[in-house]
Every structure is written in structure tokens, then in C-alpha cells.
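Each of the next two complexes has subunit A plus one more chain, namely subunit B in the first and subunit C in the second.
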Partner chain A sequence: MNMYEIRFHGRGGQGAVMAAQTIAEAAILEGKQAQAFPFFGAERRGAPVMAFARIDDKRICDRTQVSEPDMLVVMDESLLEIEPVAAGLKKGGCAVVNSALAPSEIDLGVVARCVSVDATSIALEMLKAPIVNTSILGAMARADDFVKLESIQQAIMNRFGEKLGEKAGRLNSSAAKAAFDRSREGTCKGERKIQRKNAWLPTWQETPPGVALPRTTKAGMAVGPGSMSQNLTGSWGVSNPIYDDSKCIKCQRCWFICPEGCIRRSDDGALRFDIRYCKGCGLCAKVCPKDAIAMKRKGASA
Partner chain B sequence: MDRKMNIRNMPSQDHLLCGQGACAGCGVAIAVRNIMRILGENTTVYVPASCLLIFGGGMYPHSAFDVPFLYSAFENTGAVISGIKAGYRRQGKDVTVIGIAGDGGTFDIGLQALAGAAERNEDVIYVCVDNEAYMNTGTQRSGSTPFGAWTTTTPVGKKIKGKRGFKKDLMSVVTSQDIAYAATLSIAHMNDFVQKVEKAKNLKGFRFLHVMTPCASGWKSDPSATFDLANMAVETGMWSLYEVVDGEVSITYRPKEMRPVTEYLKLQGRFKHMSKEDVDTLQSWICKKWNKRYCPTAPPLEGKEDDLAYGGDGCEGV
Partner chain C sequence: MRSVKALTGNAAAAYGVMLCRPEVIPNYPITPQTIIIEQIADFINDGELDADFIPADSEHSAMSMAIGASATGVRTFTTTASQGLALMHEMLYVPPQVRLPILLVNVNRSLGAGSGIWVEYNDSMAERDSGWMQAYAEDSQEVLDMVIQAYRIAEDPRVVLPFMLCLDGFILSHTVERVEVPDQEEVDSFLPKFKPLNRLDPKDPMSINIAVSPAHSMEMRYQLDRQMANARPVISEVDDLFAKAFGRRYGGLIDTYRMEDAETALITIGTATSTARVAVDELRSEGKKVGLIKLRFMRPFPHEEIRKAVKNVKALGVFDRSISVNGFGPVFTEVRNSLYGSGIPITDHIAGIGGRDLKVATFKEMFSVLDQSASGKKVRDCTWHGLRGEM
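On to the complex of A and B.
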């Protein structure tokens, strides 16, 4: 076979790097050559991240990031809105998307063969945590036959079993099997426009003295002090707080503890939740003495 | 006399804005957010290499602080904030200068610059946000990592399981010099937290605030456990709340009784390998510290109960 390249788009904490390593190990178990590595950047849990894997029969000398993948793995559906995930997907390539929707309802930005799987539900069901990497691996075996499900399950046992104990290895391996059985095949839509991300970095001529930057706008985006507030971090989490102000005694403990500052207060102590930035950590619900705040999984019906 | 500052009457204006990129449930973000609310807009922030630099200030050209923000090398927080203050003094401006470093940048790498600034009694605030390892680079041990904890450089092997040394007592190092104010803070003791920050703001001279900031990623705990961890650290004696004003040490919160350290350890994945002997070693170390800190012969907190983190105020202990 020719070199097979895979690009993973996930969020920090979902296990994109581990998934890339596991798929490489599965290929090695089948006697192939493989490599896996993450995108090097300043990633935090919940932030968009990338990982890459390459599989070949011959020795692989290329060490660059994968820009034209044969397979695209999207571990979090909300990334489709904010990242140019489908950029560079090869003709005839396929995509694996973590979504409760059928492939025909998913708008990837290119028309391609697509496998969708509700990996978050499978992970919450079987592993009791929204760590979707092993479920995604099962769906990858369904999407293309470059590695067999059995090798993936064996690689999961090796990797996770060694790190987390044999029981965790078996659980993760059965999550992969469940995902293989429950994933749906089809073709996705290509209506979305893939836009390269906006970025501004000064050239040396533009660099201000002492690289000091005032609050201003460059290339259509805010830069300088306070400009990070244009990052709507609300897509990072899997749950949101539901606030019941009839139970609230205005003790302000949640306002103090919220790491994101998404709880705003007025002078009389009334609280307003700005969930555009909420990462779903659940601390506000934890410190509430009156249970006026409950955490609810996003998209779940009341 | 004015009522002491508490979480209900403290300033509401944020200076670490929404949209910062910390992990969910980040203890550092909670601490820095509230410190900045109290210090207000007439503040200049310096952060060396740390998580806070990446998620809060230094992703040039972006910053989550809406006040002036600077950064330079890892090891010279004490020196740079001294210089910023000197610059403002020369310009005749009265600006609060704060340096916020992690435990790596304070306990290990930044110690000499910190000691220098403390010795000169520079008019700055130095905050150490202590998450007990180099979390920014993926959990390497620091001088602050407690006994038995897993990190990538103190791995759990067949013979040696986790870190063998104990946590450095940084407060003793800092307060061995005559500085204006030093205090330990916990994000779980909120009124105590804001009172100490306000006190530091209003004093002159070198002020040192040491905040314990649980780290969900590095401690392998649930993001929603950040508050419980900070609270349980104080209740078990892994962390104690006190302040040092002109060399006088006073306890600001005394737990009613000592909880076994296992109640703190079991909330975290970094301690789950610990053997019975290791837990006993850690427990006896804590007992020694506890007896020294909350010495039974020390003067009682007469009439100061209102100052206690959980005492006096209606919104606490509901």
C-alpha cells in the first residue's frame, strides 16, 4: 500500500495523541511501519488540538505534519465550527466524525465518504468519562480497512492495559468494539466554507518598539491587552450550568470560584451566567450551598 | 471602622477577562482572577514562563489581562518587578506592580531573584501560584511537589514510587528576611483570601502571597474537585493559612480537628499508587508540621474569630 496519513482533530483531554499512538501501534502489530506525534503548541485541556499518524509498508522518513490526510478524524463535532478541519483532505479520503447525527446530516465542508459515531455517549456509558479516543478508534476500523479491528483492540490492551491496568484496557477495547458496531456509514455534505484561521503576527518592520502593543485591531481581529476575550471558550466543555435564581441566597461563592469569570454580578448581588465562555468545570454547582446550580450535559433534553 | 472586605463587597470589575485558555477548573485562574479584581486597574502585571503566561497573558499579540502586561525570562521575576516599580517611581506614578510566578518559577528557578527583591524590600507584590509541579510543560517535579506524588520525572516504578523528598517550606525562606507582609492563601477560604490580598495591596514594601492552586490536569483530579482539594488540603494539614506581618506570625484559620491525609490523597490520581508505608511517612511529616504550626501552647485566637475564614460572615458555612 501507499503511505496512509491520518490527522486527528480533538480537544485537549480527549486523548487525540493517545489515539494516534494506538493506531500506529496497531499497524506495527500487523507488521507495518508507523509513526505518531502531536502538534506542538500551548494546549490546555479543552482547547482544540491536533495529532498525526502515518502508516506505510516501507520505512517512513517524512517527519512533517500531515497537511493532506487520507483520513480525517474529528473527535469533537463543535470543532467543525471553529477550525478548518477538512482542509487538505485527499480525493477519495474519508472522515470519521464524533456525532450523534447521520453522516448525510454532517456538513464537513467537502463531500467525502464519512463514518459518524456517537463516541461521547459510548464513552460516558462504558468508561464513565467523556474520553472518546478508544471509541473513535473502533469507528476508524469501520471507515477504512488499513488496520483490522482486532489489531486495534490488541493495541488498546497493550497501551491502556500497561498504563491503567488490565480492567481499563478491556473496558476501552470493548468501547472500540461497540463503536465499530454502532457507527454509521455514508457521505457528508460540503456546504460549509473552509476558512483559514485569522492570524496576525508582525513582520520585523511592523514590530512596535519593545514589542509593546496597545489595544488595537489588526487584520480584522483585536490584539493587545484584553484581546483574548474574543475567544469564546464555551465550546470546550460538555456541560453547562443551569441556574435557579429562586433558590439563590446571593452568597457569591460561585461568582468567586468561577475560573472563567462567566458569572457576572450586579450591585444588588444578582447573578447572570454568560455561558459563551463556560468550560463546564462544575465548580459553581459544587460550591453552591443551596443547590441552586445544576450541571447539565449540552444538547440533552430537559 | 469599616467592615472588612469579603466576597460580597469586594470589587466586581474583572481585569483577567473571559476567553483565557486555562483548563476547566483551573485553580490558578481562580486565584489570579480574584487578586486582579481586588488590585484594580492601576496595576501592572509581570508573569514569567508558566501556565498563566500561556493561557492568560503571553500569547502575543493577545492577552487576557486588560492592564499592562510584561514578560521576560523564567528566573528573574523578582528583578523585573523591581525594575518596573523603579521605572514608575522615576515617572512619579503610583502603580501597583505585581509579579505572578508559578511554583517552579519561585521555589526553584526564580529563588535568587525573589530573595534579592525581598532583601531590598522592594515595593512590589510577589504572588506564587503553587500547583506543586511544572504543569505548563507537562508535570515535572519541582521543589514544591509533595512526598509520594507522581510526576513525569518522579515516575512510579517497581522500586521507587513517586517523589522521595518533601515539599520545601518556601514561606520560611521568604520570611527569613524582613519583608512587609507574607501570607498563605487558599481559594477555598474565600473571605480570608480577599482580606489578605487587600491587606497586601494597602501595605508598602515587599509583599509575598503564596496561593495553593489545585491543578486538575497535573493532579489527575476532576475539574469540579478543585474547591474540595483546596479545602481538604487545609483540613488535613497539607496546607495551612497564616500571615506574617513584620516578623509576627499569626494563624488566620485553625481547623477544628485534623483529618487523615488519605481524605486529601484519594481525590487525586497522582497519589493513587501510594503504599501504606508511604502514606504513614507523609502523615507523620504532616503531624510534625501541624504540631509546630498549631502549637497547643500558642496564644488562642481570642476575639479574632470574626477574622477566621469560616467564622463571622453570614454567607459562609450555610
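On to the complex of A and C.
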């Protein structure tokens, strides 16, 4: 076989890195050579993450990030809005997308063979958590025959079973099988413009000395203090908090624990949720002693 | 029985450690090393490794405990990265002079402001003067194999020095690859129980690490400098023995790739060697006579081996993944020392700083500088590749 290259796009906590490692293990179980590695900026739940895998019959030397994948794996649809996800997809390559939509309804930015699966629903149903990596792995086996579903299931048993116990291994392996069965095949749309993210990449002469960023605007984007206000982390999560004012005793535990600072205290003591920044972690609902906060799924599968 | 596993560089290190049966493992976690110590904790918990696992309150303490443990004559292991290695710095100078063959796995991560977690060698390169042997691995298999070789080299009565095995943060530490895990019995026969040179024992009292006056210090330092040189043949010998026992050979202090008739050559270190191999293959298929030298050891430094390997090249480049500020990359400085008076033009090529992706094209760019250098053109002593903005 020629070298088969895969690029995963996910969010911190979805298991993109583990998915890449598992697909590599599945290939190794079949006697092939494989390589899998991650790339991310901040180690932060919800932040965009990439992972890469290569599979070949021969020793794999190339350690560069995969820029022209044979398979593209999109573990979170919302990434299509903010990242040039489909950039470089090889001609004849395929995409695997976590979505409740049919492939023909998904606008990837390139017309390509596509497999869609509602991996979030499968994960919530079978694993009780929106960790979609094992479901996605099942859909990958459906999309292309570079590794067998059985090898993927074995690799899941090895990796997850060893880490989380045999029962977790079995559950995750069944999630992969369910995703394989429920995957829909088709062709995705290519209407969206694949644009590079608006990143500020200064030359060394333009890099502020002293690792200090003043509050300023570069190429239409804020950098330095306050720039995080442009990072709408609200697109990251699978659910939003629903707040019931009448049950709230104003203890403000939710305000204290919110990692994104999107809960504000009003003058009357009631709380206001700025969901533009809520990444759906659900910590507020967990700490609420009065069940005044409930997490509700958003998006197409809600 | 030998088994094949899908392991990250970190997991490969942990498997290697388990097979070597160290008895004391003082440790302190730090990204990107933490997985090593977690995996070892699992092995101990599961009864696969019988060792004292001591969570320390800092890396300084972890190294201090390792020194104490090793001085009692037991095989000792610890692991760290970046800021953790910097915090160990003071204690790192003890094991070489006291002759304690501790194994330290350092997962390279950039040091200082900017707080990067990705690979750069400024952490371990800063410790090259401390008297530790220092090797850099290219892939997960080499990590596992070098853990085993490291103890064998370090504990050899002709050496008895501590060993620092370095692996690239994330690009190796977090990369899954196919790894053959040797059988425990094979490793046991390759690496017999540690027989210490000196040992603290209440039944036969002795002092180790005594304070000395200027009347003795100079001789101690000279002895250490000689000792490091003595390790050179042992490293090659252990590699041969390892090849016989396990079927894999790494070349000792350096390895070469397509150097037979090479006119230009690049010296690489760590995982960069892998991608550079692809660049060499592509350039060779275009008819260019290029080759690679993989630097495996920074200490002892392979001065003679490099001289021999580049005898017929017209230009030599050195890849550096760290910078000694205003003093070139540390590998370049050493290589230029090795080749002083040889007349071969040598250039420094700094790239991949802070974990920046090293592309096949990056290495081809280095070879094109070497082409110019070989044809007698004046080129910069040091080029930064992948830098935004004119140099």
C-alpha cells in the first residue's frame, strides 16, 4: 500500500489524540507500520486540537504534520466555521464528520466522499459523556477499508480497557460498532470558502520585545489584554445551561466555578449567563445545590 | 516472549525501565514527561515492577533522593523535562563526580518565558557540562532500547557515570509507533544485577561525596574528564552486544545514512533525523549526492567518528534545535571544534525551535545552502530556517 495519511480535527476533551493513537494501534495489530501524534496550543478542554496518523507497510520516517490527508476526520462540526478544516484534502480522499446531518447536507468546503455519523448522540447514549473518539473510529472503518473494524475494536479494548477497565473497553468498542452501523455514506458539499484563520503571525522584527503585548489591533483583530473577548468559546460545547431564577438561592457557587467567567452577578443578586462564552462544561450545574441550573443539548440533535 | 505494541515514546521509556528492574524511582511529574511516571506507577501497582516509587516535593529533591539511593548500590531511575531539569541543575553535578550510574530520561521541552511545552534542546544542552553522558533518541523503539543500553553502559566498571537519555517533547514523547518489547529474561541476561563501584553500607562504613580542598579538586575533575572519554569504546561495544541479543543496531555514538559517496552532508539530532531521511531520499532520487549523520551522543562527543564520516564531503551542515545566545547552536560549536583545521566549510542551521513543524522542505533548504557552500560561495555561518522576517 501507499502511505495512508489521516488528519483529525477535534476539541480538547473529545479524544482526538486517543482516536489517532487507536487507529495507529489497529494498523499495528494488522502487522503494518503506523505513527500517530497530536498538535495543540493550550492544553484546554474545548480548544481546537489536531491529531495525525500515518499508516504504511514500510518504516515511516516523515514526522511532519499531515498537510494533504487521504482521510479527514471532523469530530466537531462547529470547527468548520472557524478552521480551514478541509484544506489540503487529497483528490479522491474522504471525510468523516460527526454530524446529525446527512453527507449531502454538510458543507465541508470541498466536494468529497463523505461519511457522517451522529457520534455525539451515540457517545451520550452509550458512554454517558460527549467523548466521541471511539464512535468516530467506527465511522472511519465504514469510510475506508485501510483497517478492519475488528482491528479497531481490538485496539479500543487494548487502549481503553487497559486505562479504564474492561467494561469501559467493551462499551467503547460497542460504540464503534454502533457508529459503523449508523454511518451514512454520500458526498458532501463544497460551497464554503476554506479560509485560513485570522492569526497574527508577526515577523521577528514585529514581535513585541519582552514577551509583552500592549492592547492593540493588528490586521483587524485585537491582540493583548482583552483579545480573549473575541474568542467566542460558546461555540465549543455540546450543551448550554438553562437557569431557573425561582430555584436560585444566590449562593453564587456557579459564578465562582465557571472557568470561562461567563456568569455575571446582577445588582439584585440574580445570575446572568453570557452563553457566547459558555463552552458547556456543566460545572455550574454540578455545583448548584438547588438544581437551579440544567444542561441542555444544542444544535441539530437537540 | 517478545511482543509488538503500539507505544508512545513515553510509554516505550516506561517499558524499558520496567524491563531493567530499577529498585528506587524518585520522581516529580511535569509535561510532557508525566506519562512516563504514570505508566511506571501503573506497572508497580500491577505488580509488574518491584520498586520503591517516591513522589518527591520537587525535581531538586527527586535528584537528591536518586543520589542517596544510588549511593547505597541500587539501580535508580528518575525522569523530568525542561524547568524540572533546570531545578535539578545543582544536584546534577553530584552523580558524575561521585560516580553514580543513575538513569535520567529527559523529555526535551523549551525553557523560559513564552512557557512553551514543545520540543527545544535548551534544557538538556545547558547540562552538557555537568558530566552526564547524554544521548538523543529518534523513535520509540530507540527510546526503549536505549534505556536498556544506558544502564549497561552506565554501570560498566570501565564507565560508572550517570546517563541522560533525551527524547523530543510531543514529537516523540506523544507519538505512537510500532515497538517490539523484548522479553524479560532476555533483558535480565543482557543486563545483570547492578554491582556498584562503591556502596554505602553500615556494616562496611565508607564516606561518599566528601568535601575536598583545592588540593584535590583539580585531579577529581581531570579524572572525570578522562572517564567520559573512556565511555566511548564501551558505547560501541554495548551497541554490538545489543545487536547480537536483540537484532537491532544503532551505530554507537553516531549513525550514518547514505554517506557512501555524499558530497554534502547534514548532521541531525533527535526526531529531526527521521524527516531529514525523507529529504535525503528525495534529493538522492534527483541525483544529488547528499547524506546524513545522526548524532546520537552529545556526551561523550564523537569528535573522531565525525571526522571520519565527513572525510570526503565538500560542505557540512549542522542542525541545531537550540541556540546558545550569541554563540551559535551547541551542536555546531562542537562539530566545528571536531573539524578545526580540516578546511571543510561548516554551517549552522537552526530550525524547529519551540516545536515548530520541521518539514521535508526545511531540510532541502538546508541542503541548498550546503550546495552553495560546496561550490565555494560565501554563505552565512548560521541560518535560521522557518523564521518569519528577513534575517
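In this section, the second predicted complex is superposed on the first by the 253 of 302 C-alpha atoms of A that agree within 3 Å, B and C clash if a C-alpha of one lies under 4 Å from a C-alpha of the other, contacts with A are read in each partner's own complex, and residues count from 1 in each chain.
By definition in this document, a contact is a pair of C-beta atoms (placed from the backbone, for glycine too) under 8 Å apart; a residue touches a chain by one contact, two chains touch by 3 or more.
Here the structure is a predicted model, which is why all the values come from computation and not from measurement.
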item: Partner chain(s) touched by A:Val211 [first = subunit B, second = subunit C, both, neither]; value: both
item: Which of subunit B and subunit C A:Leu171 touches, first, second, both or neither; value: neither
item: Partner chain(s) touched by A:Leu124 [first = subunit B, second = subunit C, both, neither]; value: neither
item: Which of subunit B and subunit C A:Gly46 touches, first, second, both or neither; value: first
item: Subunit B versus subunit C as contact partner of A:Leu201, first or second or both or neither; value: both
item: Which of subunit B and subunit C A:Gln252 touches, first, second, both or neither; value: first
item: Dominant contact partner of subunit A by residue count, subunit C or subunit B; value: B
item: Subunit B versus subunit C as contact partner of A:Leu101, first or second or both or neither; value: neither
item: Residues of subunit A at both interfaces, subunit B in one complex, subunit C in the other; value: 201-202, 211
item: Residues of subunit C defined as touching subunit A within the complex; value: 4-6, 8, 31, 113-114, 117, 170-171, 174-178, 271, 274-275, 277-278, 357-360, 387-390
item: Residues on subunit A engaged by subunit B in the complex (per definition of touch); value: 12-13, 42, 44-47, 200-202, 211, 213, 215, 218, 223-233, 236-237, 249-253, 255-262, 264-265, 269, 274, 276-277, 279-283, 285-287, 289-290, 295
item: Residue numbers on subunit B that touch subunit A, as the complex places them; value: 7-8, 12, 14, 16-27, 29-30, 33-34, 51, 54-56, 59-69, 187, 190, 216-217, 222-228, 315-316, 318
item: Subunit C-touching residues of subunit A, taken from the complex the two chains share; value: 17, 20-21, 24-25, 28-29, 33-39, 43, 60-65, 155, 158, 201-206, 211
